[in-house]
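By letter and in written order, the chains are A, B, C and D; residue numbering begins at 1 in each of them.
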Amino acid sequence: MIYTYALVAIAACVAIERFHNRRAKTTIVLVLAVFLAVAPRFYGNDAVFSVLADAAVYVMLALGLNIVVGFAGLLDLGYAAFFAIGAYTYGMLASPQFGLHLPFWVLLFLAAALAALFGALLGAPTLRLHGDYLAIVTLGFGEIVPQIFQNLTKYTGGPNGIAALDVPTFFGHSFGASVMPYYYIALFGIAAALWLSRNLRESRLGRAWMAIREDELAAKHAGIDILRSKLAAFAIGASFSGIGGVLFAAKLALVSPDLFGFQVSVLIVSMLVLGGMGNIVGVVVGSLLLTIVNSALLPQINSLVDATFHTTVDLSNLHFLIYGAILVGIMLFRPEGLLPNRERRAELHHAGEAAADA
Amino acid sequence: MHEFLAQLANGVELGAIYALIALGYTLVYGILELINFAHGDVYTFGSFVALGILVGLRAAGALHGAGLVLGITAALVAAILASALLNAGIERLAYRRLRKAPRLAPLITAIGVSFILENLIELWQGSAPVPFPNVIPNPQLQFGELEVGVQQIVVVALAIVTMVALHFFVQRSKLGKAMRAVAQDRDAASLVGINVDRTIAMTFLIAGALAGVAGFVGGVSFGSAWFLNGFGAGLRAFTAAVLGGIGNIAGAMLGGFLIGLLESFSTWLIGGQWSNVAVFSVLILVLVFRPSGLLGETLPEKV
Amino acid sequence: MDLPLSGADASVGTSTLDGIKLAVARANAQGVPGGFTFAVQALDDTQQGVHNPQQGASNVRTLIADDSVLAIIGPYNSNVAAAEIPITNQAGIVQISPSAVSDGLTLGKDAAMLRRANPGVNTFFRVCTTDSRQGSAAARFALDLKLKRAYIVDDNETYGLDLANVFARDFTKLGGTVLGRDHIAPDTQDFKALLLKIKGYKPDFIFFGGTTSTGGGLLRRQMFDVGMGKLAFMGGDGIPDIAEVAKKRADGTYYTVAAPNADRLPAAKRFVAAYKARFGSDVGPYSANAYAATQVAISAIEQAIETNGKKMPTRAEVLAKIPRNAKNEVLTPIGPISFDKNGDVRKPVISLYAIRNGRSSFIEQLNLSE
Amino acid sequence: MSLLALSGVGKRFGALSALSNVSFEVEEGAIFGIIGPNGAGKSTLFNLLTAIYRFDEGSISVGGVSIAGLSTQRIARLGVARTFQNLRLFGNASALANVMVGEHLILGSTIFDSLLNTGKERRERAEAERRARELLRFVGISGVEEQFARNLPYGTQRRLEIARALAARPRLLLLDEPAAGLNPSEKHELISLIRAIRDAGTTVLLIEHDMGLVMNLCERIVVLDYGEMIAEGAPQEIREHPRVIEAYLGAPA
């Protein structure tokens, strides 16, 4: 069932990429939205929508990182840090930890603001750095943040984290134990993230990012404030992650430092690369695919294979291997990602010509 | 004072291991501008190969007297060869095709290769740490207030000899010169008749060999090998390479020793749980205030 | 069941799973009332090599969505349990963990918060002991051994830190001296810096909260490299396999296990032999616990089938048959098991073992009945 | 007052003196040329004018404002735009997008306008796009709007870069060897384009190797040789200046 939903969503995304007619695109988006909103009444269960809600949070994260990496060209390998900051905002302010029980809806915005602030704080001193150096500083930041949460036991519950977080309410109605509210909020979050991403890409700021990504020196000469534009990318990208963190923490009702390690940052970067960096629809496809592989296919692969082929093989030892092979395979055979954006395709095309010339 | 010296000696030992791994990162980065994420796992692989040889020889009863020296040498050589071939193989199969691809593609591939290697090593050796046989005698020697183990001296000496040899190799040998030329300008190098593919392959071979030395030395020093060792050690070593100025051989050594000392002293003075935070904070500070690392050069942008 | 089956926890996860498989195979071989058979549906709660509460929660939901699932065994880790308990509590399905030891899962305010969907119902049980029972027992054992000055190290993870905290508290209360404490960072390979520091305090022993693979094994081994090889080393049930890593250097290690001495329990001997025959390897640290947890679940399900007229019982009926007192205890390789109202075992026994010549030997045991 | 004024400007790279004691003024509305043999310091001078390098001595002012210590971006705001000797277009973006980036400074939408796609943002975008098309027409390359910059022919790329520079409505346009690589008929068109730019109100300062083009086009010329200014004057004066003749002909190339 998870696969049905995921496949429908992915097929819709591919269709959107293939059609160039604006009307057709709008129709597909609307049909998909209605389907995702209505279908749960007829088809699926809590387990399915739990995974889909998680997947939707990752789509939001990937869209946020796409602004930093895909739009502005800044490789960020510590993006999970902002996810952690968002999650801990909810964990510390909506739990028995300090006896504060701030409302979920307020914390969504607070976490976005805090994450954006930390994004800017990290960005400000580091943005003079280029390419891989920036990547390494962000990686370092990504390693430090969860360890600080782990070590400040008094405030963060240390390695145990904070459990039994508040259950959000909506106009006085508690979400209870149902996953559906999270599913719908996350869908809404994706819609908002898509809208914002598209706005940004087409905007003055988006063009500035494109210029910085393509040729920073030429961008400077066009009067673009490099530092401010990069900071904006970091802050906006981080804020998506902060919101994702609140959703994540509220749904799981738990935060602990081991949830935000390097693996998470790599996972999200992989989503971008798999889907096609910079291309919004591609990013959605990439993140859906990887989440489904990670949280549905791999954990259940034994049962699935056994049921299909009537075997009793043990594949659980191979999860890492399968995941790694997917990454390598995609990179070797389709390095531009599954649905590359126009620019990226051109770049590769050009690289191919250069290789042929050489 | 006594404890200060002991921590100093320990930091140097640890640093020697990080420096050896860091050299591999720096060589590859220097020539391809690629963060070879799988390098840490090549180190782990070297560790396990050395371990396998030592365990095998001990089971055969060969580790006595002269046999001990021979056995240890055999383990070291095997680790070097195995890691070198593995690293070169990775380059050939995974990275070579991606030389012209967008920048992130090789990095993601490297991460994927790292996952694959970790899983293969786990399938081979299991997911629990595997102990190294205690074959190298480790009597403690006293130098004034400083107490060091023989093993510690062997580890550091081996690392330093390797590093000095590498330095001269890169500066003097024909291949070393080719490596520097390719690192500077690949197209120009190929115009003057340097075989770029071969040079890059050799760089990976050498980087792998260094990881093999590190794998042996690290295994002996820490006393075990574990399939995920490469991740943490690799990250610290990479930090060391950047700290020293990536692409710079002397820098990688300096960075390695500094990171080792930092880890040792931060554990002593502020507590072990902060040592990673300390390492990465230093990394960030250095990069912010001296982005090219301690020994790296800043090149003005070509206009 | 839900366990970590890949990545860093894979070997314990897999050997724990094998314990479950063995119990299920045994029950099926003996015949299940009503002609039913038991099946193991194994879900992995690791993501990219690390056990992950989100994945655990998602797995539990998957299991609950399947009507034929009557009981869940797992998880392995405490923070995964904290994410799962609210869900199994809401669904009213029996969940038995072989190894999640954190106090807050069953006791006090924290546990109440985890059960808030159905405050009156407890669905979570565990066959292992709690951190606090083990920590206090360890404190008593240490003083029995005339070890008075402790330096405490933990791996800064849930299990290790809690164990170290309780040990520190009770050891001080009973008159011991805690010279200092330290936490180690993940991925640490070099413990000599830490050990050199500890050496300066001249302790009688080092107490380690954590497992062999999170640092216990290397810590013990490297004690020899800094001339502390003769010092005693003590830990909880995370380090029974320490001799596998430290070999002869593990001599002088003491550890506690939350079960009676296996040599005196025929069920334990039979289990070890059967396990070895079936899987060709030695039992893992939690294989017996997993076997026991599964036995308890199976026994409850079978009784529920009987009372339900040999028809498929409901989850509530299974929950009602969980053993609560001495009369319906289930005999397992780790001793007879029934649960108190919190879901903890009623008659916990904690045994102390020492490693001599690279092998474990039983020293004494404590009965901690309330 | 002149638009651009240099007085005693010098730049050293380590021990090497790249430029020394360069002084000249460019009047508003001029077409001004800088010539000199390879390595004379022409590009270095441009790089000082846009703060890619900092000058060590002297002073430079644009419209009366000293640019000492200002960043590239601040200088752009003073109304200085440039092209590059080796084109620096945004290769993986359409020609239209390249020009629209050039308009950055004359647009006023904020981050929030960008995020929320406000009316202001939309109006500005429509206006920017219209102007960009107009500029492409002005430089004579309409029809390539949607093509990627890197796929365009070389001559077209040169013009595109000029269009991008003009998009900011600069007071002073710096052209770094605009005729390099162009064929005679393209050069001819370039001359009329530069005149049209000046006639539209933008002062032009250009570096060029092609003597014929410079003599034909520029009203005043400065000659650099080994980092020193050896002559300044109208084309006719330059042509007859003994040091210029020596620099170009006397030195056995």
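Details
Convention: contacts are C-beta pairs under 8 Å (C-beta built on N, C-alpha and C of every residue); 3 or more make two chains touch, one makes a residue touch a chain.
Predicted model only: the values in this text are computed from it and were never measured.
In terms of the distance between Cα centroids, chain A is separated most widely from D.
By number of C-beta pairs in contact, A-B leads over the other of A-B and A-D. The mean-CA centres of chain A and chain B are about 33 angstrom from one another, to the nearest whole unit.
Here the spacing of chain A and chain D, counted between their Cα centres, is 43 Å.
With each centre defined as the average position of its C-alpha atoms, the distance from chain B to chain C rounds to 37 Å. Each of residues 7, 10, 48-49, 156, 183, 185 in chain C touches at least two other chains. Under the contact definition stated at the top, the residues of chain A that touch 2 or more other chains are 147, 150-151, 217, 266, 317-320, 323, 344, 347. Across the assembly, chain B contributes 115, 118, 122, 235, 273-274, 276, 301, 303 as residues in contact with two or more other chains.
Put simply, chain A touches chain B in their complex at residues 69, 75, 125-126, 128-133, 135-137, 139-141, 143-144, 147-148, 150-151, 217, 262, 266, 269-270, 273, 277, 317-321, 323-328, 331-332, 335-336, 344, 347-348, 351-352, 354-355, 358. Listed in rising order, the residues of chain A touching chain C in the complex are 45-48, 50-51, 54, 96, 147, 150-151, 153, 158-161, 163-164, 176-177, 179, 248, 252-254, 256, 258-259, 261, 263, 266-267, 294-295, 298-300, 302-303, 316-320, 323.
Every residue of chain C that touches chain B in the complex is listed here, in rising order: 7-11, 48-49, 156, 182-190, 192-194, 196-197, 199-200, 212-213, 217-218, 221-222, 224-227, 241, 244-249. Those residues of chain D lying in contact with chain A across their complex are 50, 52, 71-73, 76-77, 81-82, 84, 88-93, 97, 100-102, 104-105, 107, 109, 111, 113-117, 121, 124-125, 128, 148, 150-151, 164, 168.
Interface residues of chain B, counted against chain C in their complex, comprise 3, 6-7, 10-11, 13-14, 115, 118, 122, 126-131, 134, 138, 140, 147, 149, 151-152, 218, 221-224, 226, 228-229, 231-233, 235, 263-265, 267-268, 271-276.
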